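Note that chain A is present in both complexes that follow, paired respectively with chain B and with chain C.
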Partner chain A sequence: MRTGWSEIARQALSLPVLVAAFLLVVTPFGLYLADLPFIANMMFLSLMYAIAAMAWNLLMGYTGQLSIGHAVFFGVGAYTTMILVVYYDVTPWIGMFVAGAVAALVGLGLGVPFFRLRSHWFTLATIAAGEIFKLVFNNWEYVGSSAGLQMKIVPEGKALYYLQYAASYVYIYVALLVLAIELVVLYRIVTSREGFYLQAIREDELAAKTLGINTFKYKMMAMGISAFFTGMAGALYAVRYHFVEPAAVFDVITVSTYIAVAGIIGGIYHFAGPIIGSFIFLPAAEYVRVTIVARFPRLFGLHVFVLGVVLLVVSLFAPDGILGWMEKRGYIRRRRVIEV
Partner chain B sequence: MGSLTRSIARNVAIAVIVIVVVVGLLAAAVLLRQRGGGEVTEIKVGVILPLSGKLAETGADLRDGIEFAVDQINSQGGVKACGGVPITVVWGDSAGKPETGASEAERLITQEKVVALVGAYQSAVTKTASEVAERYHVPFVNPDSTSPALTQRGYKWFFRVTPHDAMFAAQQVEFVNWLNQKFGNQIKTVAIIHEDSEWGSKVAEAWQQAFTQAGYQVVKVVKYHAATVTSLDSEVAALKAANPDLLLVAAYVQDAILLVRTMKAQNFAPKAVLAQDAGFITPSYKEQVGADGWYIFSREVFNWDLLEKISRLKEVNDAYKAKYGKDLNGNSARDYTGMWVLYYALEEACKKAKPSDLDAFRSALRDALANLNIPGDKLIMPWRGVKFDANGQNTLGQGIVVQMMEDGKYYTVYPEEFATKEPVFPMPPWTERGG
Partner chain C sequence: MAELLKVENIEVFYGEFQALYGVSFHVDEGEIVALLGANGAGKTTTLKTISGLLRPRSGRILYEGRDITHTPPHKRVEAGIAHVPEGRGIFPWLTVMENLKAAAYVKRARERFEETLEFVFSLFPILKERRDQQAGTLSGGEQQMLAIARALILRPRLLMLDEPSLGLAPKLAYNVIMLTKQLRDEGYTILLVEQNVRLSLKVADRAYVLETGRIVKEGSSAELERDPMIRAAYLGM
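The block that comes next holds the complex of A and B.
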């Protein structure tokens, strides 16, 4: 039942995937040559959110558990990387994976009480968790409380060890690497027996239980993996900006909600939906903000309003996200891996 | 031709097209990189402010200060040592977020090729944006962030014009010493009440250190959480029991109002109350406490009556008011000053390097900032001047102390050269007041 490595390799070598991968790898270099850091930063942010949204969707699209508290894992990941490098001189190359592991532990810890809750109660609990973590980090002096932590600038010879580069292009490749690892892991899971258990839980948890699926166990598995990669996305934030503060990495809007929105816009019932969603939502949001702030500097918050209208339109006309809409119109084939 | 060969041929065709397109784009990118050069007709300065998001309103104030300074500089002939070229501002919106501030800094430096950055108000945004500038070797002038940590990082390209919170604490000790000299050593013990976020906690820490060092006895420190506080009864009771001569306060708006009302209700009147601006200088505080706010001191960066004391300020404020329909305040005045400081440094840098050679010019500008010495009478701020130490901190900046008098307005009482009224000391007890 489990998709073998050769099958993954075959799928990974298909033309559209190869073309997309090729473009992803070449673009940052082109942006570097053309000196376009604004677009490069967009690309980095899109990738960072894509990683988090893909992880979030393992819980949402596959397991049917809506979390608006993924900032917990994002923030914990960011802080873990930062604490390791600032206090213990551990290279972020290792720190990122430790960050994922710590976030996964937190996820499992939260999963025990949270999975006793159903549907909207689960969602409310995740929102509360996000706020609680923000408060704790705001008052925790060891991690700099509300001022946060900033890395010291290191001499250029140590740039690789501390992953400190002036230009943002380098970080795009780090993010691409993390995304590639994540895609392989997630693809293997969702095409395996466990992946189908998750979808059974999403469709009807009681029925799944009746069929002998240990729903708690598989929900915990989804939570752990989801938290792991969200933590790595948070680690990328710390690595890219050399700075963390509770207000930025535990934010309920720009982290928890953006992750969910990116996933929903792309399409939660498609494997690659959250990636597409991130690459559309984040650049669109930035573009709208920059344009509107430049054109109507006195109308504070107009960009949020415009963004809200766009979201409303998408949810009215493409409730299954962009990939769902394309599928309905017959532009893409329905994917075998996620039969609804 | 079999279907397999056909599909391979198609795939190869697509691959070839993709590669050709990509190579073409890369070539275009290289050409784009060659743009620019030639004669310099303007000096570009990048300014990063919270122009959208929660602090957008403050951002607009700061922006007006910058814009106005640049208008004045350009209308008096631009940067003369560079042949009278005008200064052009390229705006960057931080949206109040450290990550956006960092990416805007990078965009302004590499894409817009600005000679220097100015900004970014919130200490967290200034932290990340100035870090990017430090890496790219671009001068960063910070007119408006007060976290002491910013100038403890050993940066070579960072220059903070405003005094920071620890300097304010030291100055408050000087003010209390001055009161003691004037009124016969009545203040010996000090109590502190502060809100518990980063700002309030750091201010309280600095106070404790500065006042203890100066030989005062800190008899009580009380904190509360401003976002959720509904009553300060037990806090004020504890302060009253400690019976300090001086009460130091770091509070936001609603909690400041609550504190003053509770102090009145419990009839707690130390000889003096000295606040750290914030809540105490907002219009809604003044409106709601009314006469109960009389005689309270507050440390400020700016006050309306400075217009009478600083002749340059009156001139600037009149022109500013004519254009924007409002007076300068502590924020717009500081950013206005920051831009002028940068201008003085640009004049010096132009004597050493040409703006067309960007790296050499940025480096000359850094040296010019490091060696800058602007006397106080060239500024609109109540400072002794602008001179940066090795950490990039302006050592000649200072705050002022204001006191609310019986017309409900704050008047400057310290330092003496800027004072428009004599301080009222000690504060009369609540029972001896009307209202």
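The block that comes next holds the complex of A and C.
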């Protein structure tokens, strides 16, 4: 049975969730008043990666399929939004959802061959997919090849239609909206019968098959939904930074790996783990990138090394992520959401 | 008795390696049939082919008279074939109850879940006691019971057990294999794969002996128990 709307509303109205939501809604405005654009950008990035990492975790934490290729969906989402607005004058408000749909189609297309592969072979295929998409977009003239696509000059008074604002706090609210939609959708899935089958596949795919579960169908479902919201995260990137290029949106480190690392640091076996992970990892990554690159400009790339060390430490001391660690220490309890 | 399952001349490969050479046998309704043989003889491969986890390169599998050679695994479960895989395949992080619920996926199982659950708990009262315990914390014997219980939730006509006595103490192994007799009396048809030849011949009506991918002997349990080659190779007499 699906979790009913009233049950979702009841859980959504619990105190910690309300406090978090209140902070998320109030903080951007506070950042605007205090004029802290750097912090505001950190917050936007955290939300954008939270959306992607939550989507990624439907495949990883719930279904047991590790993807290091989510840049494919992120990039496709970013490009779809950009192509629609630049070539066809379609507002990003619609473009974002089209971006999700196109990314989902790509996800389903990749799922057919990739789900013939298991465990690390699947992962390797996703890495390859990311690189292939980068190559293709680098050489595809329609989308501007390696130079990418730039948002056009927006006529006066049409800022809302084109979603083009100078201040980044506006985008934080758009990202919050997307995240809210995503959380409702994902929560309904993972608490439903379908979510239970995903977890059965994660635990033991062969056993799931012998119980009559069509494992391919459910993995495809997870892939489609995961790709959809990752595509929307890419769409947010496109509108926020007014510019997409293959090297940025299809990057195996700053997109595919960051998404995975955010999820792992937060805790893949907790529903909200990827959000927590994003809000810790992305600000840290941004801070390290800006300070280290500023101080040692000739050692560009050193920040990635520092982040690698951070990941190593987390994997050593909190292998189940921050929420997993808190659960082990008894600070929080994992809600058993399985109800069949 | 009506023929429930018929395996015709199946050849199964893992890549280039051939695991089964023209294996043929049949299981009649209401029988316990044992598939015996040493490690690597192809017993597990045969079961996996019947449940659809492996595809034969040639040959046919008939179930209730229909050709199911190209039917996907989940459809076969719907048709009433349940497979308890070797090593049990329970979900260790889920509770006993959740493991049982996981099997209530196919329609035939879901519709009569409560009723079947009651029957399963009457067979395995210990599982009822431990219904909210994580399955991974059960003993080996209890885990095997859970795996069989979970297969029963599917309301199968044909129950295939892959090495149910594996890793169990002799007394528990005895209990698990004797259980198949009880299940047959309840109306299930059973295909039992075992290395424990002596015990299996005690419960089975008929048996087939596999050696390196070929069926080398077949007959009623009584006949096989008397067979000098079986006595020497498998019963140590």
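In the analysis below, the second predicted complex is superposed on the first by the 326 of 340 C-alpha atoms of A that agree within 3 Å, B and C clash if a C-alpha of one lies under 4 Å from a C-alpha of the other, contacts with A are read in each partner's own complex, and residues count from 1 in each chain.
The rule is short, and it goes like this: contacts are C-beta pairs under 8 Å (C-beta built on N, C-alpha and C of every residue); 3 or more make two chains touch, one makes a residue touch a chain.
Everything quoted here is computed from the prediction, not taken from an experiment.
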First, second, both or neither for A:Leu211, with chain B first and chain C second: second
Partner contacting more residues of chain A (chain B vs chain C): B
Touched partner set for A:Asn138, first chain B, second chain C, both or neither: first
Touched partner set for A:Leu33, first chain B, second chain C, both or neither: first
Contacts of A:Glu182 with chain B and chain C, given as first, second, both or neither: neither
Touched partner set for A:Glu327, first chain B, second chain C, both or neither: neither
Contacts of A:Tyr197 with chain B and chain C, given as first, second, both or neither: second
Chain A residues contacted in one complex by chain B, in the other by chain C: none
Interface residues, chain C side, partner chain A - complex: 51-53, 72-74, 76-78, 82-85, 89-94, 98, 101-106, 109, 150-151, 154
Residue ranges of chain B in contact with chain A within the complex: 11, 14-15, 18, 22, 25-26, 28-30, 32-33, 51-53, 56-57, 60, 63, 91, 93, 95, 97-99, 102-103, 106-107, 110-111, 123-124, 127-128, 131-132, 134-136, 147, 149, 153, 155, 196-198, 201-202
Of all residues in chain A, those that touch chain B in their complex: 15, 18-19, 22-23, 26, 29-31, 33-38, 41, 45, 138-139, 145-148, 150, 152-153, 164, 166-168, 237, 240-243, 245, 247-248, 254, 289-290, 292-294, 297-298, 300-301, 303
Contact footprint of chain C on chain A as seen in their complex: 193, 196-197, 199-200, 203-204, 206-215, 338, 340
